[in-house]
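Chain lettering (A, B, C, D and E) follows the sequence in which the chains are written, and residue indices restart at 1 in each chain.
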Amino acid sequence: MRLFECILLLCLIVCAVSVAFTRDLLTSIIIFMSYSLLMCLIWMILQSPDLAITEAAVGAGVTSILFFLTLKKIRAIRKEEQNEQEEG
Amino acid sequence: MSRRRDNYETSRWLRFKKWVDGETDPLSSGMDAIPVVTEGQMRERRKNLALRKAYDEELTRLSAEHADKTEIMKARGIRNFQKFYKVMSVILCLAIISVLLWTIAALPVTGGADNPANNEVAARYIEKGLQETGAVNIVTGMILDYRAFDTFGESCVLFIASCCVLVLLRLDADSKNDNIKKMIAESDDRHFEPKDDIILQKCACVLVPVIMIFGIYIVLNGHLSPGGGFSGGAVLGSGLILYLNAYGYKKMSRLFTEKVYRRTTLCALTFYCLAKSYSFFTGANHLESGIPTGTPGAILSSGLILPLNICVGLVVACTMYAFYTLFRKGGM
Amino acid sequence: MIQHLSLNIEETVAVILFGVGFTILLLHRNLIKKIMGMNIMDTATYLFLASKGYITGRAVPIVVDGVQEVSAYINPVPSGLVLTGIVVSVSTTALMLSLTIRLYERYHSLDLDEILILAKEEEQT
Amino acid sequence: MEGNMILLLPMVCPVAAGIVVLAGKMFRKDRKYLTGVSVMVLVLEFALTLWAVMSGGSLTMLRLTERLTLGLGVDEVSRLFAVLTASVWLLVGIYSVAYMSHEEEEHRFFGYYLIVVGVLMGLNFSANLITLYVFYELMTLTSLPLVLHERSKEAVRAGLKYLFYSVAGAFLALFGIFFLAGVSESLTFTAGGVLNDGALAGKEGLLLISAFCMIVGFGAKAGMFPLHGWLPTAHPVAPACASAVLSGLITKAGVLAIIRVVYYVIGADRLRGTWVQNGWILLTLLTVFMGSMLAYREPVMKKRLAYSTVSQVSYVLFGLSMLNQTAFVGALSHVVFHSVIKHALFLTAGAVIVTTGWTRVEQMRGLGQVMPKTLACYTIAALALIGIPPASGFVSKWYLASGALSSGTGVWSWAGPAVLLVSALLTAGYLLPLTIQGYFPGHDFKGEEIQKRKLAGKEPSLWMLAPIGVLAAAALLFGCFPGSLISMLQSIAASVL
Amino acid sequence: MSFVQNFPFFSIILAMFSGIISSVLSGKKARNLSLVMIAVTTALSAGTLLFCLRTGESYPYMMGHFPAPWGNEIRAGILEGVTAVFFGVVMFLAVLGGLDHTAEDVEENKLNLFYIMIDLMLSSLLALVYTNDLFTAYVFVEINTIAGCGLIMIRQKGRSMSAAIRYMIMSQLGSGLFLIGLSILYDITGHLLMSPAKESVAALAASGAYRIPMLVIMAVVGVGLAIKSGLYPFHYWIPDTYGYATPTASAVLSGLVSKGYIFLLIKIFYRVLGYDNLVSSQMVNVLYVFGITGMVMGSLHAIHETDTRRMTAYSSVAQIGYIYMGIGLGTQYGMVAAVFHIFTHSATKALLFISAVGLYEASGDKKDYVSLRGAGYRNPLAGIGFTVGSLSMVGFPMLSGFISKLLFATSALESPHKMLPTLIVLAVSTTLNAVYFLRLVITLYSRRRPEDAPIPEVKVRSSWHLRLAILCFIAVNLVLGMWSQPIVQAIADGLAMFG
């Protein structure tokens, strides 16, 4: 169990650092989502299911949805801009 | 033979002499305030900005092919700066980490039963929590009864955050401003995704009820099992979002409009506020609150915790859904 | 020191994550990355707190079978604090993301430095 | 509010009248009422000042903190300054009635003119350092509109300069006040100083620094190097009557503040023989010489007089810096004499501007044909300033020089008088050419302009001439009969040293 | 238990509740509700203050049925009462003075949201003032931050939104540091309420255990709150934030929000970490150095600004430097001076921001020096208000700024090592203040030049509420400047109760 926890913690660090260095925003959002899920697992191991369930619903769920939405919105704006440029 | 000074007019000595004579005043020079940024500087800045943009594009191209050297020379200054920036950030990161690690090394070992954190406070929550709050889940009992003021503050954080998002993203259809009308038209990004996706609808048909029931279960059993208003509310919110995605705004608006959102939030928060005020007031004045705690373990138990969980659940679900719709199209 | 850190492995990781998050929030130019950094920083603090409540060999603080011994359960206080904290961080995330959207609509950029320069120019014209 | 309320009258009355005059613009445009009211108030002010000076006593107005109060009080020094201010202000007020008819916005001028005298009275009657500081700052602010009167670009620049120099000086002084507030029981003026030896232990160095800061800071108002720059800029743009009081009385406010600080709060003994005294003497002598030198080279009349003020006020400061009785008497008497003389000179310059529009000295050739009486008054005042016996300047300079010689300050005790002598020669050099060229323009002077504009024998009106005459006569009479004034000053000097 | 003792709790809940209710009201009703609520809250705080003055002691108030180490608590004393009353008054006048501009800057159907933020801002400020629990403080710091961000970006201009996101980023950095400090503190003491935490800290200090974590806690909490209140090296967000928000928001943000954090910091220093520990740990010296740097640098920046709002904002940087310098002096008297300067600065800065509104109205809504030339004649009352505010900032006697400078200087004399630098920096900073403020005042009263752009004819008379607000602010300034003694006494008594 201890080993498993250590691996999870290591993964956390890897995720956090790769969030900083990924160029593509979509990838980094997905990495961030997996970061939240890993955190959720660690909290299960630390005997805090309350936190785990909240993190799963709020952190991994809603926060990631919001990130995706933002990205989508930005892409939509970018696309529109390109359309306008092509027309003009 | 001393060197001839042909720039006497601008020399420091003359300026000092003038100042001694009272002819100039170093302070009043700023009196005629002109814009700090002149047109030339402005142009320079724009050029720099353009240069940086160009550099970013350049970098991608450079990696693929060899460009001529002048381009690289131009870009080098910016690149050096960016390198410096990166190095600085790594150093800052390492500095913070090392200071905190140094602290950690002096802190008690994790998992020890004798750590200072595990003192009489936690002991009382565990030993008497069940009797005093009626909640089997000690964490829920703690946040909704012992430390209820914090939790009330937390709901207010959520409330005010949703207000801020409303300010930023809500677009009012009856607005007179043409600009906003244009924005409404732009923000309807529905046409970027497939409409009436049958697979999605069928899946949602199955999943939404399950998710909703799960959410309601979490909310209602907050005092008995892990979970509570916040997590359950978030699950409920995601259920609503899934439904919206599958069936579109039109169907959703039959069920859930901005009015519903506002009223639900208002009622839930008002109830929360009044209930907690009552319990704070009675507690501080050493009066009996008169709310039965019921049998521990039963669904209808633990006094105000169950209704409060429901309130929180409603607020969170509505807020999450509101966030989603506001982000999507600036309205409900 | 190293040995002590290995005993406190959760805190060590939490602190490293905190540093990474802090740096991303402060120095990354991309707004969305900044917000992620903020989230990483917050969750790192929560991890730190949660590990402080953990006691080896004890159970979840949910009363089972009427056992109300202190020695049976872990410390419930950090869990409560973290629950509150998570909601706070999701609220700020939502707020900052919506600000990002509005700024992108206006300036077509996610780079904070660039946005600031553009905003300055916009006002002067 | 406890104590003798009469002390409040000379302060409140003109301020209230000033506000009424400022507000009166909306109701009455007639300048007859305006000037009538103003002169009446000034006469009343003179009477009230005499009353207050006679009745004496003290008054506590407000307690700012436990130890710091705002209070007024009467002692010998305040008597001297108050009577001087009130009388000269009245004379200049009468002069302005005629002078200001050539300018715009008379309401504003007279309104602020009255307010400033109220504030100045408060300054003169201040019983402690905080009150003094309050009125000092108020005086800077209220006298600013007098400088800004024309509101032209130059006037604004000059006003800003005046403000910055005064304010910067005041804050340097404030630094010292903060320090002194910490090491004394109260800051109430007491001859010989009020500092608490116990609290001061170990902070002697800081005391000297703060004393020096206060001297330099308040010296800004008195036009002492290095903060003298505002005088020559502010004077030419202000109306002549405003520049007269600026250089004749408002610079003296700086002198009063320095007297209060050095002799009434810190105590002269604590400074004697220290680097502060030496630095102070050096600065004053530098200013005396530099002022005269710049005045000698200056072609514009009012600027020339302004530089002359820089130099002459530093005579006073030089006397104070000697820290002995004779020089102190010389300094205080020079305050009175210089004030009277400088007003006469500035008012003459104003009269010339009003009548002929000439501002530069070389334009004023043949002035004796235009206004012989005025020029005669000017000549008397000029001779007094140079220090030709029996006119008043001689008396004060005599005391200054003999005080310096007996001061025992080493090299300064003979260097000082030498500089004073050189400066007196320069004074003659910059003041007398006007007289000589005025009465004896030489063969080649045809006086075409005078004939063309029919200026010959065109004396200014009696409203202007009378104050100039009175002031010139005073400059002469004080020199002939200095006895009672000097004995009063000697009693002050004996009490503080 | 006397009924008056409930007042602090009532005032917090009332403010929150009116915020919640406002979400369904129209803008106008929300505005009226907000004004009434602020007035009532202020009255309640005044009641608390009177009660504490009469009994002469502070009391804890249980939020719920459980006493100190278990349940939440708030605590009321003289200093809390004075601060709460003062915050209420400034908030009321700031809202009153900016009514017209708020209505202009905010879209009509979002007006109620603006007042929700004002309400919740007030409630969080009150909670920060009264709180006796560290985690409650954290939660309300977050409310305060988000409400502040809302107030900035409600004026939906590009500049104010970019300022808002900058503000959020810096605030989140501060919150993060604050939270990690709290976590470490919880780890070594096991308490979140201030009183028991203080006991454990004292025990730890006596036994010498956990020295390094204590030091780090002080540093992290101090730096976190310093970032949020805009101390000098962390001040980059201030000029944009204060400069481009709607006037009420600028006044509230610069006058109250940053002061709330500083008050919290002082409270934590006294009520948790122990002031003596702090002094012996050299942490105060760090704050002191930052403070005096801020005093000089803020003023220097302000001199270079031509936009008056940014200039005023930079002057806030300098003034916050003053407050931290007072805290950093490490003496009881220095702390009194710092708290008094909190009041002085919030009254004066709010006055400046509000009266500047009147001047802009009279100058075609331009904000630079050149356009404001002669504005003092076009709107006399606003001109007088701005002049009074400037003079107070500069430290003109009879006004509030002078008293706080005097207090700083007198307290500096008590700490031998810091005496000379403090006095010198005070003098330098005051002179610099004078340079930029008086320059502006002269500009207000100089004649317009023919080459200046013509001013579009606008209504010159401002509305009655603006004028009333300016008059009241001037009065507050005069009161602080002339009858400061009881207030200083109350602050000293209140600080003694903290200990």
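In this text, a residue touches a chain if its C-beta (ideal position, glycine included) is under 8 Å from a C-beta of that chain, and two chains touch if they have at least 3 such contacts.
None of the values given here were measured: they were computed from a predicted structure.
Following the contact convention of this document, E is the list of chains adjacent to both subunit B and subunit D.
Under the contact definition, subunit A and subunit B share the contacting chains C. Averaging C-alpha coordinates per chain and comparing to subunit D, the farthest chain turns out to be A. Judged by contacting C-beta pairs, the busier of the interfaces A-C and B-E is B-E. Taking the mean of each chain's C-alpha atoms as its centre, the chain lying closest to the overall protein C-alpha centroid is E.
Note: centroid distance subunit B to subunit C, computed from Cα atoms, is 11 Å. A separation of 27 Å divides the Cα centre of subunit C from that of subunit E. Subunit E has its Cα centroid 44 Å from the Cα centroid of subunit D. The centroid of the Cα atoms in subunit A and the matching centroid in subunit E are 37 Å apart.
Taken residue by residue, subunit B touches two or more other chains at 27, 31, 35, 100, 102-103, 105, 107, 115, 117-118, 121-122, 125, 137, 139, 147, 150, 153-154, 157, 160-161, 164, 168, 226, 228, 230, 323, 327, whereas all remaining positions touch fewer.
Among all residues of subunit A, those that touch two or more other chains are 48-50, 54, 58, 62, 66, 69-70, 73, 77. Multi-chain contact residues of subunit C (touching two or more other chains): 9-10, 16, 18, 20-23, 26, 28, 51-54, 58, 60, 77-79, 81, 83-84, 86-88, 90-92, 94-95, 97, 99-102, 105. Contacts from subunit C toward subunit B in the complex involve residues 1, 4-5, 7-12, 15-16, 18-20, 22-23, 26-28, 51-56, 58, 60-63, 68-73, 75-81, 83-84, 86-88, 90-92, 94-95, 97-99, 101-102, 105, 114, 117, 121, 124.
Listed in rising order, the residues of subunit D touching subunit E in the complex are 62-66, 68, 130, 133-134, 137, 141, 148, 151-153, 156, 159-160, 163-164, 167-168, 171-172, 174-175, 178-179, 181-183, 202, 206, 210, 213.
Per the touch definition, subunit A reaches subunit C in the complex via residues 5-6, 9-10, 12-13, 16-17, 19-20, 25, 28-29, 32, 35-36, 39, 42-43, 46-51, 54-55, 58-59, 62-63, 66-67, 69-71, 73-74, 77-78, 81. Of all the residues in subunit E, the ones that touch subunit D in their complex are 391, 394-398, 403, 405-406, 409-410, 412-413, 416, 419-420, 423-424, 426-427, 430-431, 434-435, 438-439, 442, 445-447, 449, 481-482, 484-485, 488. The part of subunit B that touches subunit A in the complex is made up of residues 137, 139-140, 186, 189, 192, 218, 226-228, 230-232, 234-235, 237-238, 241, 320, 323-324, 327-328.
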